[in-house]
Each structure stands twice: as structure tokens, then as C-alpha cells.
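Okay, handing you the structure first.
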Amino acid sequence: MTLVEILAALFPEGHSVTVTDGLVSGEGPFRGGRLAVIGIDGDTALGVDGACRLARDVLDVVRRGDRTPILVAIDSDSQRMSRRDELLGLNEYLAHLAKTLLLADAKGHPTLGLIYGHSAAGAFIATALATRALVGLPGANPSVMDLPSVARVTKLPLDRLEAMAKDTPVFAPGLDNMVRTGAVQAVLDPDRPLAEQIAAVIDALPADDIRDQAGRARGGRPVAEEIAAQVVRDARLG
Amino acid sequence: MEKLSFRHTTQKALPGAKAQAITGVVASGNLEVLLERALPATECTVEIETPIRGYGDVWAAVVADFVARAQPGGLRITVNDGGARPDTVSLRLLQGARLMEV
Amino acid sequence: MSGWRREREARDARIEAGRAHAAGKVVAAAAVVDLLEAILRPGDRVCLEGDNQKQADCLARGLSQCDPGRVHDLHMVQSGIVLPEHLDIFEQGIARRLDYSYSGPQGGRIARMLYGGQIELGAVHTYLELFARYFVDLTPNVALIAGVSADREGNLYTGPNTEDTPTVVEATAFKNGIVVAQVNEIVDRVPRVDIPGDRIDFVVEADKPFYVEPLFTRDPAAMTETQILMAMMAIKGIYAEYGIRRLNHGIGFGTAAIELLLPTYAERLGLKGEIATHWALNPHPTLIPAIESGWVKQVHCFGSEVGMDRYIRERSDIFFTGADGSLRSNRAFCQTAGLYACDLFIGSTLQIDLSGHSSTVTQNRVAGFGGAPNMGSDPHGRRHPSDTWMKAGREAQVTGDPALMRGRKLVVQIVETFGEGLVPAFVERLDALELAKKIGLELAPVMVYADDVTHIVTEEGIANLLLCRTADEREQAIRGVAGYTEIGRGRDRAMVEQLRQRGIVRRPEDLGIEPLDADRSLLAAKSIKDLVHWSGGLYEPPAKFRNW
Amino acid sequence: MSERIIDPAARGWATSWYEASARARIDGFLDAGSFREIIGPEQRRMSPHLPLFDLPRAFDDGMIIGSGRLDGKPVLVAAQEGRFMGGAFGEVHGAKLVGLLRAALPLNPDAVLILFDTGGVRLQEANAGETAIAEVMRAITQVRAAGVPVIGLIGGRAGAYGGGGLIAGTCSRLVVSESGRISVSGPEVIETNKGAEEFDSRDRALVWRTMGGKHRRLTGGADAFADDTVEAFRQAALDAIARAPAFDLTTLEAEQRRLEERLARFGDCRDATEIWTRLGVNDPEAVPALSTADFDALLANLGETTHDAR
């Protein structure tokens, strides 16, 4: 689905969501209230300027004090790789954006990520992965790094990596693998009304971060949950 | 990865009461050594995982010299190797034994 | 017409042809190719200056762009084959025959080209040997050299990296040859005259400053405990034992570790003023802490080192500097100093065989020699005594009249038993022999011959070969410090133990050194930044060595 | 007979943070003998994935966690070993930090300390690493919201790159040394993707003045600048705990203003030296060579680099 199709499906009565320089922002009527939307469209890389603008939009929603849910719709590149972005402290801008989403969530705004295209690395962590729950649409393609690049860095032959990727979700790119890792809670059905599905996810948002539980149940992260739980069990102040 | 395992008998137990120690880091040309006081007083085992295949004889010689020199009786020693040279291995084993004697 | 001035007349004609592309002596960088095509003749002997440090790179690029129809079959007689252009000219037919000394980064390509017959090789020399032949049978017709600046008369300032230039110019200019100098800038007045203008025929204003490789910079951050242990053994087991004051160091990490242990470990051993006071050495950044701590009396240099110029300028009590204040180096003199006036050479190598022959040649690389064999040999022409030299002589003396005994220079190989990628440093047979056979060298490229080596230091111990009395003892002494290499594991343990009783093989514990004390905290500087601090901000390291 | 020539206590110089292993940093940093490791190496909770790639594993997966005391205060601490797989986040590595942060909520320590040393996500376990980073960031905000400061310390070989840079940006306070680097894309990554004209990764002076500790401290990307010693980091951490900002709307609105102002003031700068000039530094070329004391004096004169907006 394209962003236009997604917005049309969510807001049949119309909306104020605009896309400028690949940055998505606005809102529309939703279940008697509003649904705020921020995001990145068109495989756009996220740099300092974009992260700053999206964060401001999130803070605007939080400042209003209601409990408007926030949808983070993502079809992005990775973080923008440039000398200027790093010079200006891209890590702070991306972290700030993630923090605004996490604050919104803590303040009672349901936050929901929706990945409908690509996303990778810092852009992914700062946006869709900083929500209470992340869902995907078929065809979405999140990745940390594409396999040819992994092959270059790990010095392993590409065909061997491709073979390994088939039954090792922990490193291979793609939506299915992120589902199995637990990062993506569910894949929506494009043939069913989208607004209903989004509403259902929002109504059933988990109270805690259960991504590691899902990762274990789905086999994509076999040990993370157990390790984290053991740490909580064993930790004592000395 | 190649797995190697050696078992030696020593003349005595390694002095000291420390239950375990770790030294070194798994990095290129380096290794980590975990030592645990877990065996009868005159036994010592050394288990190794190394990414460099075909150096079993060298490992055997390094471990035998270490055992003769340090008399690490009672120790279960486990090595994660990152491709260290024998002299580095030898140094880390001795460092580990000394940490256990404290 | 007299038959005794033909060289001079030919020279005049070439200069005349070259003047067409010059304003007086000055040639624009864009006219280099025209100039070279005008002054060069097929079959000329050409010295294209370059060694393991500075490079006449603008002239090298120019030569490689000459028309092989006009300039061909040159005989290159030069210290270094370092730049790609140095070999390109052989592929293009511009050059055919080669006599050289050092090849470093081009070692692999030179081996392939020798094997493929693209180069007709005279010999691989040591620096001094090649310099010597410049004055006997390899005198250049044309020398292409590099300097920092020149005036319009050709007076040349070579700057801190003088290196080979005086030697090359001496041989060329005084035997009817032509000298072309590339300089970074033309000035009204040079800071000091390193080469008088009447020896320089053309001055090319280069498009960019000549390249210098920071070959002698060793980052203390990369120094390992093993190298520190070896350095401790060398200091306690050799420097202290023989009282070594006059010396030369190679460029490896082991010797750099020694330099960094002088103000710490050696200081605690009470050796200050007793060892390592007078040096034939490039300005190693790792020597800064020892200099600053008052260990070093003086240093003469082959060349300079990138980033060290300001420091040297402010330490003229230690270094040789000109009236302008900057370093004056000279490779030929410093090599001679290393050969005759030093009591010890210590350096690293890639392979040592069971007799003690060593080589830096591997199966696919001809690295050349540079100066190590000059420093790393016992000069039979030496006639002045020193305590060190005499002590070594006594150890080596087997038979004969003690009154006719002469001393020995200490030639020490300091090697880790395994190199990069677990490649053993000790071998049955040097790869150099295989390579010589493969590419048809009459003489195998041996760096230091066994009869010159006196000690081998490894992390396992020191082998004193002076004290060995038979070939068998020598082999077992070498095996006895060869660690866990196949050579080391093949030792006769009982015999090595006997050699140890006689002090021929010495372990760290025999020297009172605990291997576990070999810690990086012993290094006087643990990073390049520490070296900058030691220098009071005078050392300016190249960007690639910075982490701040 | 061997003699011990070097008495470690009498060496006369301090342990370098940059050079120390993660374990040595913890040992020197916390009150002597107070560290209690959680999931120690003897439990051998190693990566289940690295063997697939024929790569060696570490007993602690490069993440050492536990509790201890800092000047008597109970703290939780996590340290990355930058030499093992570049300190990168894998499944076990990340889960240990997630668990530690979750444990902070019931235990309520005086602080959680994260000793960063990471290149980002471990490619061989990329999805697990990336998800763990997201989990860590969420957990940090929860710990901060509960009133427990989370202090990041950056001065290791690997710096704080990739997701490590994002986690750092989520902490209450950051202490950095000159060697410390904080960034998202590494120099080589930028060069590979955008060419050497955009970023020459071999120009190390450029790397450090773009991503290094001094630049980050000058621009407010870090809150304290420490000498490269374990003791200096310990002192700086103690100071940081005492004055950590809350995690609330006020703080994030202040951070929003701070970051917007940075874009407006410096957004057209090509090089760090231009930024430093605009900050009021008289001799920007001299900054990289300044000693810590001189650099602190410079910071005091500038007066606008310290803030609570994080």
C-alpha cells in the first residue's frame, strides 16, 4: 500500500496529513477523536533537520494534553549519511525523536508504528521502533543492512549468506524476519479495512515491552527474553 | 571452529582459594581464559575453541609447558581463542594462574 | 679536436636542448616531459631520486609520460623502487635495466616483473654499496632529484630530508652528468645552501610538494606485551651487559619498544648515561621520551621523519642542524656511521634459518635491502676499540693469539617467533633461496648473513651466537629461542638446557625478568598523543596517526 | 630467581580508560571489591548465533553487567568490551543491558552507569541487535522517568557508534574523553556510501573534530569532559549523578529548543572549526591540542555549553 492509500483508508472523511521533503505530518478524525500521524515517505533518509521537525510535531501533540494516538508511518532509507549530519550531532536528533515518542507513550498517547515500505538502521530505531507496538504491511522491507553489504563486511560469500538467511531470521533483512525477532508485532491484511485493524491494535497495546517474548515464541530471538528475565531475577544492590 | 581438549595430572594443587578468574579478551590475535577451581587437586583440564584450524600440536605443546610450569592442579580452564599466537596463549595462561593464586 | 672532452661536449649539447624549455634554469611543471625528452638519450644511466623516505615524484611522473620512441632503454640506478611510476617505465619500454637497493611497497610487483622478464636486473644492493658504485661503474648520466626550494641560480635547499641528494649530485655533476631538481617552490633566497647552484642544471617548480613516507613512525598504541617483554630482555640482557652506548635501531615495533622503555624500565635499572647515548638513527618519534628525559647525547640521521621538523629544530643540542636551524640529514654519512662508529645494530626480520641467516624476502616479494645489511654487518675495516666491541670479540675468540684478537660488532635480530597470520619466523630454508632460483638471481637476497649475527632475541629468550663453538650448538641455540614454531619444537631439549647453563640461551627468568611484568604501563608513551605531550607540542604527527 | 621489578601500585601513573578492558574499567571505577557480576562468565551464556558464522564467542558476549558501589552509593553498571566484535550489540549482549535496566525499576539504585564501547549493531545478529537497542532506549526512558539517572561514559576504542550513539543520546548525562567518539554513521560508512570527497575516513584529525569528545562537549552533545583515566571518569560520573535532568515534557521541550537553535546557528557550517569560531573560541585550530585543564578553562569562558536539556 502507498501512503496515499493508507491515509485514504484511515480517514475516509479527509485529513490534514501532508508530505514535505519526505516528512509526513498531520492528523485526521478517528473514532470520534483524532489520530495524529508522523512519518517518513518515499524511501527518504532521516537527517538532523527531518528528525528535529518530526520531534516538534510529536511534542505538539503531547503538549495538547489529550490522549490522541500517534501513528508513525514509515517508508524511509536509513539515517542520512553525511559529514554535516554527524558534525551537527545526528545521534542527539535521532535519540530526541525517539524520546519524544517514548514520552508521548508514557503520557498516555498510544503510539503505533506502521512500516509500509523500507526502513533501516538509525532511522528505523528513531521512529517505528520507538513506538509501543509496530505493525507492518505486506511488501514492507525493514533491514539493518542488505545482504551484499553484509557479505562485504563479514567476508562471507553471498550465496552462503543467502542460504543461511533462509533459516536464520536473526540477521537476514526483511519483514518476516523482523516479525520473528519480535520487533514487528503483526502484519496487517491489506484486503481488510485498515482503520479497523489499526483500531484493534491500539485497543490491545501491550502494557509492557513484550518484543523479546514474541521473539522467543516466534523463534527469531531464542534467548533474549530468558537472559533479560534472569538478570532481573539475579540483580541485587550490593 | 576447532575444539580441542587436554587433560593433565599435576604434582600438586594450585595454591590460593579464589574460585574463578578470567583474563584476556576475544579479539584478533588475543584470547580469553576462564579458570575455575572445579576439579580434584591434581587434575587440570584445558578446553579450547579456536577459529584457526590445524594447530593442535602447537596447542598441546603450549598447554603441556604451562602445566609443567604452573602446576595448575584443580583447575578447569576454558579458552575462547581469537587467533592468538602461542606466546600470547602462554602469557594469558600464566596470567590466569597468577590471578587464581591471589 | 681533442678526444678527451666528448662527455663534456655531449653534456653541453643536452643542456642546450633543455634550455629551450626553461627560463634560465627554471622549468615549469607542465614542461617536465619536454625537458626530459630533450636531455635524455636512449641507454642513459639515470638516477631518479627516491629511497624509503622522500621521492622525486613530480619528475617520476614526468619520466613515465615521456615518449618511449624518444626515451627508451634507460638504465635506472636508484636507491628506491617505491612509486608505481618507478615500474611503469619498465612496462612502457622507457627503462630496461635496473640497479637498486630498496623496494618496500612495490616488492610484489617487482618480483612479478623480474619473473616476467620485463626488467633486466643488475643487482639488489645495500645503500652504501650502490652509492659506492655511483663513483665507479654506475655513474649517472642524468640525476633527477628532489629538494624543498631553490633560487633561480639553482642553489638548492634540501631541507630536513637531505638524504641521498648530496651523494647523487656529487657523482653526477662532477662526471659530466646533468642534474635536474624538482622543488616545492622557487625563492629569492634559500634558507641554507645544501647543494651549490653550479651543480644544478635545471630546477623544476613541482605541481605539489614531494612525497615523504612516514616510515619510521610506530604508534605506541599498537605495541604488544610480547614486544615489551623482548625489549626488556634486550635492555637487560644485551644493552646493560655490553654497555652499549653507540647504536642503530631498525624500524620495527620491538626496537621502538626499547626506545620507549629507556626512561622507565632502563631508568629503574640505573642504566641512564650507561647505554644508548649516541645514535645513528632517523628521528624516531618514539625516541622523544628518552631525549626529553636526558638519555640521549646526540643523533645523526639518514633522513628526517614526517612531523618531527619543529621538534628537531628546538633540540639542536641533540640533532645535526644547519645555520637555518633545520635538520641536516645525509644517508651516505649516516650509513657509514652505522657501519663503523656504532657498536650495535638491532633490527627485525621475517625469516631466520637454522644457521642464523636472515631475510625479509618472502616467496613473492623482493623487498630489497635498504641500509640494514650495512648496519647489520661486522666491518672488517674497523680499527678503534670500545669496551663493547672488545667484550664481544673476547666472547667470539676461539683460538689464536689473544694479542691479535679484534673486536666484534653486535648484530642483534629481535623477532617474535610467529609473525602476522601465525607465519613462523624460524624456517629450515629461507624463501629467499627459492625466489632467487625462480627469477634467476645469482646471489640470493640475504639481509644479514649468519656470520654477522651475534644475538637473536625472541619472546622466549636470548640466543648468544658468539658463544657457540660448533654448528650444532648454534642450531640448538637458535631452536632454543624459536618458541612453538616447528623449528622450536624440534629442539634437543637436553642440549638446549646445557646451552642455558653456559649462558648461551637465556630465558627471561635467567635475566631476572618476570614475563607477567611485561605490561604496557611500562611504556613511557602509550599513544602518539603521549609523544606529542612529551615533545611539548613540537611533534606534529601525520593525520593518519591521530586519534584526537 | 625472578624478581618483580614493577610494583603495579608504584607505577606512578593512572590506568588509561581507553586502554583498559571493560572489566578493568569496572574494577577501577567502582569502590574496591564492590562489583557483583550478574550472569558471570562461568555461566557461559554465549551467543547462540556466532558459531554459524564460524566466529569465536566470548563468555560474556562482550557485555559485563552487575551491581556495585560508587563512593558508597549503590549503582547498577554495564560495560561493553569494545575489542570483542567491536563491542557490537548482539542478542545476548543487548538482552543483558535490557535486563539490567528493567531490574533498575524495582531496585531503585542511585544510578545506572553505561560504559559504552560499541560500533553499533552486530551484523551477524543484526535484527536481534537492532531490536535490543530499541528495547534499551525504551527501558532507559522508563528508568529515568522513575527518577533514576542513567549516566553514559564514552572513552573506549570503539566509541559509541550506530545504535550506541542513539542510546547515548537517551541517557540523562554523558561523560566523554578526548578519545571518545559519538556518532551514528561511522567515517568508513559515510565514505563507502558517499565517497571520500564527502568524508575522508583516513583523515583522522577530521574524524575527531567531527565526532570526537571535544567537539561533542563544546556543542553540548556531552555534559562533561574527562581525562583519559579511570579515576577521572569516576569523578565525572559522581558529579553527573548529582545533577541529572528529569525525563519529562519540560526537558524534552528544552532539548527541542536546544537542537533547533543548533541547526539555526551552525546548520551551514562545513567544519567543526567554523562551529567553534561561532561559539566564541578564539583559536579553533588549537582546540584539538588543548590539555584537559585548558579545555575546561575554555568551556568555562564559553559558558553556554552546559544544559539540562537532554
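Letters A, B, C and D name the chains as they come in the text, with residue numbers starting at 1 for each one.
One rule holds in what follows: contacts are C-beta pairs under 8 Å (C-beta built on N, C-alpha and C of every residue); 3 or more make two chains touch, one makes a residue touch a chain.
Computed from a predicted structure; not experimentally measured.
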item: Chain whose average C-alpha position is farthest from chain D's own; value: C
item: Distance between the centres, which are taken as Cα means, of chain D and chain B, whole angstrom; value: 33
item: Separation of mean Cα positions, chain C and chain B [Å, integer]; value: 41
item: Inter-chain centre distance, chain A versus chain B - centres from mean C-alpha coordinates, in Å; value: 46
item: Approximate Å spacing (C-alpha centroids) for the pair chain A, chain C; value: 59
item: Inter-chain touch pairs (all); value: A-D, B-C, B-D, C-D
item: Chain D partner contacts - residues on chain A that touch it in the complex; value: 48-49, 52, 55-56, 59, 62-63, 79, 81-96, 98-100, 102-103, 106-107, 121-122, 124-126, 129-130, 144-145, 150, 153-154, 156, 164, 168-173, 177-178, 181-183, 209, 211-212, 215, 220-225, 227-232, 234-238
item: Chain C to chain D touching residues, read off their complex; value: 221, 265, 268-269, 508-509, 512-514, 517, 519-522, 526-527, 529, 532, 537, 543-548
item: In the complex, chain B residues that touch chain C; value: 52, 55, 57-58, 61-62, 83, 85-88, 91, 94-95, 98
item: Residues of chain D defined as touching chain C within the complex; value: 1-6, 8, 11, 13, 15-16, 18-19, 178-179, 202-206, 208, 212, 214, 288-289
item: Contact set on chain B toward chain D in their complex; value: 1, 20, 22, 25-27, 30, 32, 34, 36, 49-51, 78, 80-83
